[in-house]
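Two complexes are shown next, each including chain A; its partner changes from chain B in the first to chain C in the second.
The block that comes next holds the complex of A and B.
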């Protein structure tokens, strides 16, 4: 990088850094507040005394999580779901994107399939019809009700398809010359070259499945089957709405026991750990694309 | 060629139409042949249920909603196996009910949480008529309980003279209270309620708040006066914490309730002259700085923080607020103590409204072969168990549950069925004599009440070191219900019974907007952004934007009932 000594460039860099750091802090601070809350005593949390540093430091909440059987059961369900979804999503994405990346001359019905895909992206059956399908397939309360409705991620298919279209023709031609069949071309040429894009959609799939709470609410009729985010969502209670619309002594007491804010903060902290672990593992694929330099023109 | 094309088009349209009708037929088909009732292999009758759960049921290890002491009791006594078709809490439960209705597979029995939902089920002919089974099977005690509501409770579940559901009862009639820090009153040597009738005047309230602001007994450095929630009025008594209903009661006004005025016309409580006067008082107090200057912007959590930090020592709320709200104050400050008063009305009485007697209902699916089982479960839980004199010997497992304070939601029907006066009766007949040493705690037959009395005595014996939960029980029972008991025996109440608790069609459509209008305009009036006379503008806006329609609908519906 060429060091620019001019004042305006220097000011520019300062401005850019300030903006980036501020944006970073805006993203980081709320998260950090949750971490601080999880390590604070519940009195301090009720008194709104916790900012960025834990007050009355305690690890009590984490000990309580250790004993929370439902938390770990839900955690397991979520891990299982992400794992299954990832495999199914990636297989379907690649297998769909590859033929769709071919021109209509090679793949005759391409445009029809493409339109069907885009149609399903714009219009969906809606909550209740989807529920009925899942129910009549007897998938309620099974892990598949969380995995199968989201098996085809159309957006990711289009993303990968476009990436495949961008792959230089000569690479494929070279493979054909070497006698590779279409499957070999896909596995040996296209997939290795598209790792950055595939890592991106893999991340979409992981994060999306991990964070989704709504399908758990609908397809799981028992709390013991809830995935982690559904379970955590069921703990967050809007007391203001509750009071406004009506409440009684029992429901309020129960609410108080559940809305243990520092404990819930700790649950949130634990729930984001898997994502924090996965991200660096995938990051190495983002850094270098290998299309550059694969063909000499 | 052209003709061929149009033919093609027609064929397509035709086939699409037939496909549609086929799929519709499939919908109807799948819903009708639901089995009337199934049995397990060993011949027990199965009831599938929709269960309302609680996040923290405190069930002992290994027990679930589907298999616990209560369901085992049903199994043993009625030879019935309960299978949960779905279980969820709060909104999630309502969603599951909606999905069950949509898919045409209702559970055999379930709870519905509103009259509107019940009405819909009745109109679509989805639930069973319970009139006869209730008449024949309900025990005398159960009938007596419902009769204590003067027919109001059963009437809520009755359509065209047929009883379509088992109504849950809700008899918590009580005044909104003003909770004041007793330790601060003592510290500053204030004198409140000189005549000892437990009613304080607005002036006394103002003076106390002023003394708290000036002297800062909580040593917070930043005392703020009386906090109010920005919504100012709640839908019912239970949610009335931090609302203005105590102040409105002074002028016998009952915001957010539909009442009959002296001319027999139905009016909306928030639009009455009394509410205007109450808002006038609040605006005046706000102007003087007696009300939290940041009123309108504070959230519930903010206000709880004010209390725990010792910035304020006065809140309005229901009798049970110590159990779930004020307990945080004691966690921070071991010496914190509250006293409860009710504001004296300008008629010298404590003006209160009666609560909706029914909150939720248990319904039985139409065509279910054993609707009588619903009544049998009702008898078993709310008569036999409720009046059991010796739980330990007769129902040891249930007795253990009570000791562990397992949540009531684990019972098959998550509803309460008790007499309209039961909270008060339990207090004055059971808790008070035991606490005063006139009777022994061991003589109390009702397990929950026995626990209450025990914890209260624990607190009285050692207030310094008692658990916060004992502190809370002591306050909610001895101070809260104690106040209700005193006002009842001294006959200080002036009751208003709202004429309508339901939701009309216009309320469904425009209710949310009207409520928003009300909340915003009330904040404007209290904070002085608009003068008090702006209230009249609010009333005419309210009427124009749907209020008139709502009132007409209520009148029509009430006329229909008579």
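The block that comes next holds the complex of A and C.
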């Protein structure tokens, strides 16, 4: 850069670096505080002594989690849900995206399907009718209530459809010459060359299902059936605030919740570990997905 | 139709007829491929749409939709008479608009600043950190926010340090909306900056060099080169965010609000959940839900038309 020699430009550079690094810290430190809290003693936490370094370092909270049956049951339900959703979502995405990527000349009726998909994005019956459908199918309190309502991810279908449209026609023609049927073409030609795009929508599915607490809240009537995020939500993280503001000030139960703050922090930390493990993939493919697939020309 | 087929057949030779047959079998395979997905779509998207009938009934679960009594527009009339709904509607729009506006500004400014960081390692580290909150659930982030903003949280400790009065962010009706908007901007500014950063890096570096030689300082180059080059994408995203004006963020509000801040914190989605589902006012809840769905649909279609008109791009 030409101007980097002048003093004012150098000061500007320092200011910009300071702002950007500060913003980075503002994103990181509140999360780090939760980690520090989870490794601190409950006395230190109640006394508000924990900043960025654990006070009275202890792994007691994590030992308690190890023995917490409900935590692991919910963890297991979430893992199960993520895998089932991933399989169903991906199968349906490729199965629908492939025919939809054909022109109406090749696939008669293509536009009818397309309009049905788009309309389902535009208009929805809303929370209550969907709840009643799930209820009437006797899916309440089953893992399927968390998986099936989100089986068709319309946005992902359209994203992959657009990707398939961009696949060179010659590849498909060559496969037809070799006598391949549509399913073989899909599996042997389209899927292998769309792996990055498919990874993107797979990650959409994983993150969405792992983070969702609301389906668990409305479709599960028993706490023992809660997926992890619903379980953590039910730990009443707001209780301390309510206590401070004077509501239920004398409730013994609330007092106990406050001293559980470090344990809850540890549960939160464990609940985000799976996301941190796949975070490098998220960064790589989400960004790809958001730039390439968000809108079409 | 028959005439057409006959006509086509008359001038196609054997080879293309064979191909035609192949396409026809392909056609039925395509329909088969669509089938499983369409069944799920029918059950979980289209059947609930018929649920809107409930909004015109006094729905009683035991009697079902066929047995419940029709009451016409009663629930809609009731809805507009409730003082609640106006307040809830206003809250939804204010919170959503604040998030869109400040979120956009935040992301644009951050992307411009980030682009100035030359050190590869530093830039990558910053990006890694600022994208992180986007991937975390509001269940987790609400714990973080409560931790920060509670009466003895770090924010109030800082206020005390400067001799300022402590503020009850989570329990005050005047501070709750700014808190929702601020923490949402915090969660998303990094991730939203990705698109803007892509637009900035697409600018020809020659433009900047030429401007520098002509004596333009950093501010002038940002104002006259960087921002104009980002304008199309800013316009597009602004238009496309229009339908979100009724989505103020259920997950965030639900995880942060308490009865103390219902007055300014309650939004359409939390209202429907609380009154309709928890309070078992199925018909009334559905009526409010439909009201939202219809306005949302009108907004999406208008946004799509505007995008087509002004930016040559579209959603669908």
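Definition applied: the second predicted complex is superposed on the first by the 230 of 297 C-alpha atoms of A that agree within 3 Å, B and C clash if a C-alpha of one lies under 4 Å from a C-alpha of the other, contacts with A are read in each partner's own complex, and residues count from 1 in each chain.
Following the convention adopted for this analysis, contacts are C-beta pairs under 8 Å (C-beta built on N, C-alpha and C of every residue); 3 or more make two chains touch, one makes a residue touch a chain.
As the structure is a prediction and not an experimental result, all values here were calculated from the model.
A.B. asks: Name the contact category of A:132: first (chain B only), second (chain C only), both, or neither.
C.D. replies: both
A.B. asks: Just chain B (first), just chain C (second), both, or neither: which does A:95 touch?
C.D. replies: Touch status of A:95: second partner only.
A.B. asks: Under the stated touch criterion, which partner chain does A:13 make contact with: chain B (first), chain C (second), both, or neither?
C.D. replies: It touches chain C, and chain B stays clear.
A.B. asks: For A:42, using the defined touch cut-off, is the partner it touches chain B, chain C, both, or neither? Pick first, second, both or neither.
C.D. replies: Only chain B is touched by A:42; chain C is not.
A.B. asks: By residue count, is chain A touched more by chain B or by chain C?
C.D. replies: Comparing chain B with chain C, the partner touching more chain A residues is C.
A.B. asks: If you stack the two complexes on chain A, which partner ends up touching A:224: first (chain B), second (chain C), both, or neither?
C.D. replies: first
A.B. asks: Do chain B and chain C land on any of the same chain A residues, and which?
C.D. replies: 48, 128, 131-132, 218, 237, 240, 242, 244-245, 247
A.B. asks: Could you list, by residue number, the parts of chain A that touch chain B in their complex?
C.D. replies: The contact residues of chain A facing chain B are 42-43, 46-49, 128, 131-132, 135-136, 217-218, 221-224, 234-235, 237, 239-240, 242-258.
A.B. asks: Note which residues of chain A are touching chain C in the complex, please.
C.D. replies: Within the complex, chain A contacts chain C at residues 1-3, 9, 12-13, 16-17, 19-21, 23-24, 26-28, 30-31, 33-34, 37, 48, 51, 91-92, 95-96, 98-100, 102, 106-110, 113, 116-118, 120-134, 137, 148-152, 157-158, 176, 181-183, 186, 207, 210-214, 218, 229-230, 232-233, 237-238, 240-242, 244-245, 247, 264-265, 268, 271-272, 275, 279, 282-283, 286-287, 290-291, 294-297.
A.B. asks: Contact residues on chain C for chain A in the complex?
C.D. replies: Touching chain A: residues 22-23, 25-27, 29-31, 33-34, 36-38, 40-41, 43-52, 54, 61, 110, 113-114, 116-117, 122, 125-133, 135-137, 139-140, 142-148, 150-152, 154, 157, 168, 170-171, 186, 189-191, 194-195, 198, 209, 212-213, 217-218, 236, 240, 250-251, 254-256, 258-260, 269, 272-273, 276-277, 282, 285-286, 289-290, 292-294, 296-297, 300-301, 307, 312-316 of chain C.
A.B. asks: Applying the document's contact rule, which stretches of chain B touch chain A when the two form their complex?
C.D. replies: On the chain B side, the touching residues are 30, 53-56, 64-65, 84-90, 92, 95-96, 99, 102-103, 170, 172, 229, 231, 234-236, 238-242, 299-302, 304-305, 308-309, 318, 320, 323-325, 327-328, 331-332, 359, 407-408, 416.
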